[in-house]
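Quick heads-up: structures coming right below.
First chain A sits with chain B, and in the next complex the same chain sits with chain C.
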Partner chain A sequence: MSRINSTYGFLPFRFLRQGKETLLVNDVGEYYFLKNQAFDLFVNHELETRSVEFQDLKAKGFVYDGYLPQTIDLLATKYRTKKRFLYDFTSLHMFVVTRRCNQKCAYCHASSIQEDAGDIHDMNYVTARKCVEIAFRSPSSCIKIEFQGGEPLLNFNVVKEIVEYAEELNESANKKLEFVICTNLVALNEKYLEYMESKDIMVSTSLDGPQHIHDACRKLRLGGGSYDIVTSHLSWAMERLGRDKISALMTVTLHSVGRLPEVIDEYIKQELGSIFIRAMNPFGSAFRNWPRVGCTLDEFLKGYRQAFDYIIQLNVQGTHFPEVFAALLLTRILTPFSTGFVDLQSPTGAGISGVIYDVNGDVYVSDEARMLSRTTGDKTFCIGNVHSDSWNDVFCSHQLRKIISASCIEAMPGCAWCVFQPYCGADPVRNHFAHVTGQLSNGHREFCHMNRSLFNLLFDYLSLKNDEIEDVFWSWITHRTLDEIRDYSTNIGVA
Partner chain B sequence: MINISLNMQFDSDVYSLKAVKNAAFDYRDKAGFQIETMPSGKILVCITPKVKEPDFIESLETDFKNHVLDHQVRIEVSAEFKPIREMIIAQAFEPCDNLEEIIHTLSNE
Partner chain C sequence: MKSYYGKSFNLMEPLLCKIVLQSSGVSGTNTACLCSSGWFSDVQRYSAVILDSSALVHNSISIPIFQFSQNGTPIEEGDVVLIEPSGLLTVLYKKQSLTNSVLLTERCNCRCLMCPQPPRNGSEDWIDLSLRTIALMDSNTQALGITGGEPTLVWDGLIKVLSACHDFIPRASVHLLTNGRILKDYDKAEELAEVGGKNLFVGVPLYADISDIHDTLLRSKGAFWDTVEGLYNLERAGIFVELRTVITKQNYMRLPQWAEYVFRTMPFVGRVVFMGLEPIGLALENIDQLWIDPADYLPQLEQAIKILHRRDMPVLIYNHQLCTLPTYLWPIAVKSISDWKIVYMPECDGCSVKASCGGFFFSAQLYKSRNICPVPFVEL
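Moving on, here comes the complex of A and B:
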């Protein structure tokens, strides 16, 4: 591998052999498949510079053969764009307005408690206002306030207080302000809907699939499954707020892992526009009930692949229906844009992209950090309290800096040379949880195995170089219909 | 229980210790590794497979050798682009005016 007399030099990239081809990904997320033989010539500085492969590699920023400063400036701009999420410090503010819940789901990771447990388990007005004040000290130009629980509709007066106080503060702060309520919809009523409509509040809900799957884990505290009331309120909310204001996610369990196409059919039946297929979080009730309702990671991945193939088929046939997590990863792979996602970014989004306020004003770096505390009493990731600490105390603390600096995957063994590193991230809370509970083998390795498998799945599709599938991916990324994407592709082709 | 282990030697004129260690790190789910440098300059790797099936052991041996080779390639190409990587990141967050001068200095080092 000699550079002497070479007419080109390398720009930073990583690679992975995949059968007869080698996948190359550079630091700004551009990718290229090179036949193994061409790859060997490439790394030996013997690739013909007039070849199509060389010209492609040059265009994508894997190699240079001319003036270097311009190339560095271009890649620096792309790198800064990819890491744009660092500038939105901190945009997502989650409020646990109550720990009470009217459901008792088998995999509840939030360790919610019974509905009539009393208001000591609710966030009060004083704490709520303090949290809003801290949130507005954030330098980010966008503030997204997300209501969580327990079930936030059970403390709706405090939800209203937060919305109104945030709007008041925003009159002078002038930030882009959004509200999302994460609700199981059971307690929805006309009054709440009217308020949500008037304040443009988005809804994020949970639907695990058709009745027999949904009701297997999502039970009402009063008894019975919640499917009937949830689907009825879902239609009602869609009618009033608009379909685009409502999204849903499902948690994969032993009951659904082999039947995800049925779940997708149910989402389409309910007129939901997308699905977020997520694995169970190993906290709270989920940790205790894992043997009863949990599935292994390999079962999850097999089920996800089956679901993804089914979703692709549906999309190719004209039903616009993205899987939200795949769409996020594809945005990272196919576009130059930044996509902060608290659970999968480097450095971690914990604290710097998102933060969560518990009912008593404790500030945690992520929802999982709060769950860790509730499950084990471990407050490693609690970075302050709104009653006793200022914004500086919380967000400029040594503790938060330590968490962030320890989560840069660029410097971690295994991640440092992983071909998927520019698209991936770290989850320090989950790793820590695996250590304190003695699940050493289930920490980073499972996290890594899951993400690598999902990236492999997406790159399997991309390696097909199939226009139909790529059009589907672009329709997800750009939130356009497949026909719009096809029209655009055709026009570009004609031009 | 049968204790099967594989011994492999890598020539340190061809392979760096880092390439061998990185490959062993990637394979830690499949086997246990003990790595030593010998007075002869060779790198000795003692591998204890976690699965004792002959097919598994055979493919482990072949795949591990190829994996070390790939890591050696990574180390050699990254030695070439390391200063450029650092410049890109520096330029991304704290752009400098004299980039050309810095590149000239680095390429003469």
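Moving on, here comes the complex of A and C:
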């Protein structure tokens, strides 16, 4: 571009015209709305450098009119901060302690099998210890061990073995060590609760909404829906472990997509502090049952928007209740901080942020990678086995490098010039699945359409520049109540 | 620092001493005995004697004497004072105060439009006096400021002063005020961290989110980026940073953008401070370019503070009278003016919150907000 007669130069940014305004976003995630007319002046080097707009753009690092080396150094520091999650390496270690489950959910993507299928479907002690050893080889200063399944409570002895062996290794490793158990809570008993309490284990459970919605998909193997037992065990667990130790997520299906406010009401009734509204994952049973329970992406997005509006309303009225995914994206948009999230980061978090160990010790880069293998036999994303491979074999493999280097959206056609790129990420496993099955030939397009829609929704809200809504967003990002956001005597500078 | 005129006797050169009472039994070199009035005995044990105006000075006493020209003695046990042959007594340290500071130099590498203490380039530095003063301070001192001029210009002296703080007042939080430009050399920031330890807090002014405004206020091209680099080095060295801005006609319009810039660019800042102008020194000379009534910048100030508080950034307001701020901001409005500079206006009589208000700089008589008024009783 010609810079003749120009007093300023550009720094890298992307843009999107939205109605009367143009949204600009730069590599470090700073954004700015510029009136279309001002944008045209700006890109033609004709924006008055004394204007507020120019000064704003300069402060945010979109443009410079001197001090270029200093400006670039500052952007580099901010970029490093944004990508800080890469320094941590693999901190999330998921253990499939059993493939057996006492539920048979219509959208199960994990392809679980019946409860009495025998212990060849369980992780054994030897494998469990090998997995813990590999997990502790990670250079990450924080190790989060997440128990998955199947239903992990069905192989609780191995859960205990993993917890205790991890604690033992941590005596010399001195890492921040956390445990999360992903359970439907059906098999919960006093003994398990006592153990979870003593080891400070957090619970992540599933609740799809009120009974008629939850029971439509979440069935017990013995017959009938699981709502009654799940909700009674949920309040029991809350009472024993504390509300803050328990979170829940839901899967949107044909049954709930048009009535998500009911789901949200149910969450609040159950005293859950937040919700994670997830679309169905097209693996396992979900893949087979899609026509029966799945909804289209457009239905999901319409439902999400309705749910989000409803959540905002509740929050404005004083109920602190974030939608977890939106809160994550808002943290990316509104703060300089790094937010690794294995399912949406660039490069992908597969393997380098999170990893999952199957019952036989196979190591997969993500839960979806394991499901891909279970669904189609495709082991593209299996990066080793704890019995035959060392930490180096698994995590320094050519195969993992290839996956990671192919997942930098900064270099992907389409993503490279997308205005939302600094906030987005890649999901190579899902892309691969869509590609090889041919059934979801538009895998990336769907993934992209979904994320773009969510970003658009959030930027629509941000462009309102509404005080109440911004208060709500910041209460989510900073984990404070709306009262604290508005009461200056709570400011940490006062203490 | 407050100075008093009086009379000096038997004094050939300036004498630095710590105030002691006869009754306390403490004596020795660098002690000055405070004799309220009447007879005093055994004074040879002290380096000097301090008297109020009513005492009779005996010719028989050969040690230095300072006599106040007023009734009473406005100093207390533990204070450190400098007595000069000309009859001047300067209080360098007040034991009971939390706003003590030492001034290392009057030289500066900026010439800020609003500098309350005009730099005097070529003037002598005060390292030796500062070191000797610190050595006389109470070992339980809670806080000490280090100011200038620009204290980092006398680098070796500054390092000596910091290590004196470590030795003599180990419990004090040491608050260094610097424009941070010298600290764009990382080794310097690291040296500060090593010598200052965890007691060191560094206050750095950044007056705008863009270089043009900052450099204009500092009358020094390139100052903005020097300071930004200095701030990053302070963070890298692990030093607590208090970031300050003084609100003037030049920069108030961009206060909200400044707040956003601080959060986005230097979220590590331990405290963000909005300061009212002190209309003295260069600030008074340039007052037309600087003065804006707080009533007129309140919308921008409120917005900037809202931005920072939402982001969970620690934020405080200095040098603002409570009646110029909405009550919801009172919790973060600090009594920030040094004890010896505070005054109140006639309007303040009958104000229900005078006791918790930071008052005015004594220089603020001519430049005060049109909103100044006594606050009627309010329920907080």
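General observations
The rule is short, and it goes like this: the second predicted complex is superposed on the first by the 483 of 495 C-alpha atoms of A that agree within 3 Å, B and C clash if a C-alpha of one lies under 4 Å from a C-alpha of the other, contacts with A are read in each partner's own complex, and residues count from 1 in each chain.
Simple rule for what comes next: a residue touches a chain if its C-beta (ideal position, glycine included) is under 8 Å from a C-beta of that chain, and two chains touch if they have at least 3 such contacts.
Keep in mind that what you see is a predicted model, and the values were worked out from it rather than measured.
In the superposition on chain A, contact is made by A:T77 with both chain B and chain C.
Contact with chain C, but none with chain B, is seen for A:G66 once the two complexes are overlaid on the shared chain. In the superposition on chain A, A:K58 makes contact with chain C only, not with chain B. Once the two complexes are overlaid on the shared chain, A:E470 sits against chain C while remaining clear of chain B. Legend: residue contacts after superposition of the two complexes on their common chain; A:T478 is shown touching chain C, with no touch to chain B. Of the two partner chains placed around the shared chain by superposition, chain B is the only one that A:R445 touches, whereas chain C remains out of contact.
Of the two partner chains, neither chain B nor chain C is touched by A:D215. Applying the stated contact rule after C-alpha superposition, one finds that A:D362 touches neither chain B nor chain C.
When the two complexes are laid over each other on chain A, chain A has residues 73, 77 in contact with both chain B and chain C. In the complex of the two chains, the chain C residues touching chain A come out as 209-212, 225, 228-229, 232, 253-254, 257, 261, 263-265, 267, 271-272, 305, 309-316, 328-329, 331-332. By the touch criterion given at the top, residues 30, 52, 55-56, 58-60, 66-67, 70, 73-74, 77-78, 335-337, 470-471, 474, 478, 480, 485, 487-489, 491-494 of chain A touch chain C in their complex. Here chain A touches chain B in the complex through residues 1, 3, 9-15, 17, 27, 43, 68-69, 72-73, 75-77, 79-80, 83, 413-414, 417, 445, going by the rule given at the top. Within the complex, the chain B residues that touch chain A are 22, 25-26, 29, 66, 70-71, 73-74, 76-78, 80-81, 84-85, 87-89, 91-93, 95, 99-100, 103.
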